[in-house]
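Structure first, commentary second.
Note that the chains take the letters A, B and C in the order they are written out, and that residue 1 is the start of every chain.
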C-alpha cells in the first residue's frame, strides 16, 4: 500500500501541480523500509535524519519534487534556465526558484527533429520535446543566454511553438576583457530590471548580497566535497556527486545547503572506496545522467573530478562578497572556469585540466561530447594535444543526451581501463 | 595446465583451449540468439575434440559482445585487449591489428609487448563489417565464401558511392539491372568495405607490421583491397584469424590463473 | 578549362608563395566557372586584383590578415594590411570540387564531420595540415554568427600559432529592447572593441593608423554602400533587370575589397548595368516567370544550378542572404564618427545583421524580402552543419506561409561538398517543388 500511494502521488504531481493545494504531504519513502515516513508542512522539511541523505538528494533530482511543490504551494515562482552562465543569484534574490532544465524523461524527439533539425544537439531537441509535452507546466518562464547556436535557437523555437508566460534571453560576451565585462554588467542590469518589472518585485542590493552569500556557502560546501575525492580512497562516487549537484539545481539553495552539510558530515567518517582500478577525470558538456558515470565506475574507473557543466564549471569560482553585488556577479560569471564557447579561454582551460589531474591524481581522462556539438569537438581536438604532450591517456566518447547503445560504450571504457591498468 | 578463452561474437562463437600455453584445440560455431547457448556450444565443440570435460579447464576468460553472459567464465575482458594479446602471441612483430568482425570493425595499435596503445571502433553502422558482405552476397545470389575470389576477377571496378549499406544495396540492384559485370560490382563492394575500414586506420595511425583478424580476414578480396589502399602488405597469421580473440582470452586466463 | 585564362594567371606565379599559388589559380577558375557567361566585369577584375595583391603583399612586407566572410575589411585596407577572406577557399574551390580532398583530409585527422562543423571553414584546416594553404600573418574573427566559425579559427590559431584577435558581436534581443536593432550602448561597446582592434593591429604592424587614410577608405565604403542600396532597390522591378544572384558580386566586392577603388568601381558597374537594363526594359532572365527568394547561401559546388533554373523554369533568384547587404552610408566627418561607422558596419553586415539576435531578425528580413521584391516562392537550401540557420528554417517558413501564403521549400544539403546531396538530388527536389507547388 505505501508503494501505491507514493506512485499515485507522483502521478498527480506530474499531471497538475498547481491546482492541488497541500496542507500536509504524507508519503512513504524508500518502500523497503516500511516504518519510515516523512511529514512536510508548507515547505518545512522534517525527518532529515530518518532517510539517508543521499536518497533525499536523489529524490531532489526529480524534475518535479516535493521541494518544488512546497515552493509553488507558497505561491512563489519558478524559472527554468539553460546554462551555467546565467546568474542564478539575480533570480533567487527576487524570491524565484531557478531550476536548471533537464529533460531526462524524454524518449524520442519528433518535434525536435522537425524544428531544430535531426542533426541538432540532442539536449536541445529533448528539451523542446518535453516542453512541448507540457512536462514543465509549472515553470513561470524561462531564462536563456546565447551560450551556443543550438541553445539560442531552442529559445526561439520555444517562444513560437511552446511558449511560457515569460521569456528572457541574455547576451554573454565571447571573451573576457574590461570592455566585455562592462557590457556584461549592462546585460545583468537589464535582466534585473526585466525580472523586477515582470514579477512585480524589487531586487535590492541587500537581497542580492544575502543571496550571493548563500550561494557562496553552497559553492564552498561543494568544494569541500571535491576535496574529499582527492584521497586515495574517496568516500563517494562520481555518479553520486552528479546526483548531489543535480539536486542543488532543483531545490531551494538553503535546503540544499542543509542537506549537503549533513551529507558531508556523514561521509567524512565513511570508509572510502578502495576497490577501483583507475582514477578518471571526465570532461565535456551537459551531462546530467548519473547512469552514464555509473557505467564507467562499474567497470572500475572511479570518477574523481571533472570539468562539466554540472560539475566544477558550475561552482568552482566564488563571487566576491566585498564589492557591489551586480559588479561582483558580472566578474565572477564572465571570468569563471570557462566553457569552450568563450573564444579566448583555451589556455586557461587546458591549465585547469592539468591542475585537476595533478591535484586529484588522475590516471586517465574521458572526454564525453554530445553528438553534433561543434564547440566541444574543436575543444577536445585541441586539448588532446596537451594531454599527448603530458603523456596522459584519454578516451574520446561521443554520446547522445539520453544514454543509448551502452554496450558499445562499455567496450570502449573497459578497453581504456585495461590500457590504464597495464601502464 | 588447461585454460580456455571464449569469444562470443555477433555472428560466431569461438573457444580456444590452451595446454601449457600451446593451442590444444579450438572451435568456431554459429551464434544463437542466446549468448549463453552460443558459449556452451562453442565450449562443447572444443572440449569434444580431445574428449575433455568442462571441469578439466582450470580457468576460463570470456570476451566479445556477449562476454557478460558466459556462464562458465571466471572473468571477462574486452575483445580489443584480447585481439591485441592474441595477435601479438602469434606475430610478435605486429603493431597494427585490423579486426573486421560480423557487426563491427576495430583497429588496434599495440606496442612491442602486445599492450594496447590506442584503438578505434566502428560499431554504429554495418558498412565495413561482415554483415555488409552477407547482405551483398544475398542480393547478388552468391555464397559468402565466393565473394572474395570473384572480386579479384574484376577488370573494371564499379564505384559504390552510397555511404550507408542499406542504400548501397539499392545501388547494387540498379547496377545489376544496368548489366554491369558481377565481378566488377563485387569489386566495388570490397573497395567500399576497405574504404570504411580506412577511416578507422587513420584515426589510430598505421605502423607495420600489420595484420588482419576476424572472420572477414579470410576474405581475400577485402584483404587485397585494403592492402591496396594502405600501400602495405599485411602479415598472415599462422592460426585461423577468426580465433585470435578467443586465443587472447585464453592467454589472459593463463596469466590470471 | 579555358587555356587562355589559365595562361593569363599563370603569370601569378611571380611571387614567393610557391605551392600556395596553385590555390589562388584554382579559386579564380572556380569563380570564373560561376560567372562563365560574363565578360571580364569589374567584379572579376576585382577578384583578379585580390589574387595578384596577396603574393605582392608578401614581397612588399605587408602583413596578411585572415578574416571571416562576414566582416568588411575596410579597416585593414585603411591600415595598409592585405586582408584575405578565408571562405574564398571553400567558395572558390567548390565549383571545381577541389575543396573535397581537403574536407576528406580534415575528416581523416579527426577534426569534425559533415553534420557537426561547417565545411566553409574546415578545408582550411585540411589544406593547412597538408602544407598547401597560404599562411597569414594575423588572424581575426567574430564570435557571430556561429560556433563553427569561432571554433575553427581557434583551432587554426592553435595549429598555426599565429597571433589572433576577435570581436564579440553582442546578442541583441530586440523584442526585449523596444524593437530597436541597437542602442547607444551597443554602439559604444562596438566602438570600444574597434579601438581595441586598432591598438592590437598597430602593435602587430608597429605603425600607427593614419586617420586621413581611414577617412578616405570610409568615403569609398560609403560610396559603395550607396550604389549597393540603389542596386537593391532596382532588383524590386518586375522583371528583374539582372540575372540570378548578380548581387553576390556586391557582397564579394565589399567583403574582399571594401574601401578600395576596386569595390567602388565594381559596385558602380553593377548599379549602372541594372539601371540601364531597367531603362531599356531588359530582363536579366528573358521571359521571367518565377521570382525566387533564396534566404541562405548559394549551393556553391553546383555552378550550373542557377543557369539550369533560368533555362528550365525561367526563374530568377533575386538575392541570397549574403547579397542582402543593408548597411547604410554613415556620417564620417570625424575619426570618432569613422569608428562608429565601422562599428555599425560590423553589426549590420551580411549574415551578422540577420543572425545576431533572436529569430525575429531573420523573419523580418525574410518577410521584407518576400513582400518588397514581389517573390513567388521561397527556396531554403539549409546546410546540415549550420545549426543556427537550420533551426530557424521551419518557424520562418511558417511565418511566411501565414503572412503571405507563398510556398516554401526547405531541404538539407551541403553547399560545399557535392557528395553529400548531389546536384541531381537537389534539382529533383526543386523541380518537384516548382512544377507541383508553384506553377
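The rule is short, and it goes like this: contacts are C-beta pairs under 8 Å (C-beta built on N, C-alpha and C of every residue); 3 or more make two chains touch, one makes a residue touch a chain.
Predicted model, so just to flag it, every value in this text is computed and none were measured.
Engineer: Have a look at A-C versus A-B and report the one with more C-beta pairs in contact.
Structural biologist: Result of the comparison of A-B and A-C: A-C.
Engineer: Which chain's C-alpha centroid is most distant from that of subunit B?
Structural biologist: For subunit B, the chain whose C-alpha mean is farthest off is C.
Engineer: Could you please state the distance in Å, as a whole number, between where the Cα atoms of subunit B are centred and where those of subunit C are centred?
Structural biologist: 49
Engineer: State, to the nearest whole Å, the distance from the C-alpha centre of subunit A to the C-alpha centre of subunit B.
Structural biologist: 42
Engineer: Rounded to the nearest whole Å, what is the centre-to-centre distance of subunit A and subunit C, using the mean of the C-alpha atoms as each centre?
Structural biologist: 39
Engineer: At least two partner chains per residue is the criterion; list those residues in subunit C.
Structural biologist: 110
Engineer: Do you know which subunit A residues sit against two or more other chains?
Structural biologist: As it turns out, subunit A has no residue touching two or more other chains.
Engineer: Residue numbers in subunit B touching 2 or more other chains?
Structural biologist: Expected reply: no residues.
Engineer: Could you pull out which subunit B residues touch subunit C in their complex?
Structural biologist: 161, 199, 202-203
Engineer: Could you please specify the touching residues of subunit C with respect to subunit B in the complex?
Structural biologist: Result: residues 107-110, 419 of subunit C touch subunit B.
Engineer: Considering the complex alone, what residue numbers of subunit B touch subunit A?
Structural biologist: Touching subunit A from subunit B are residues 65, 77-81, 115-117, 119, 121, 123-124.
Engineer: Could you pull out which subunit A residues touch subunit C in their complex?
Structural biologist: 114-117, 119-121, 145-146, 148-150, 152-157, 159-161, 168-175, 177, 179-180, 182-183, 186, 190, 194, 340-341, 343-344, 346, 371-375, 377-379, 381-382, 385
Engineer: For subunit C, which residues are in contact with subunit A within the complex?
Structural biologist: 110-112, 115-118, 141, 143, 146-148, 150-152, 154-155, 158, 166, 168, 170-173, 176-177, 185, 189, 192-193, 196, 358-359, 382, 384-385, 387-388, 390-395, 398, 412
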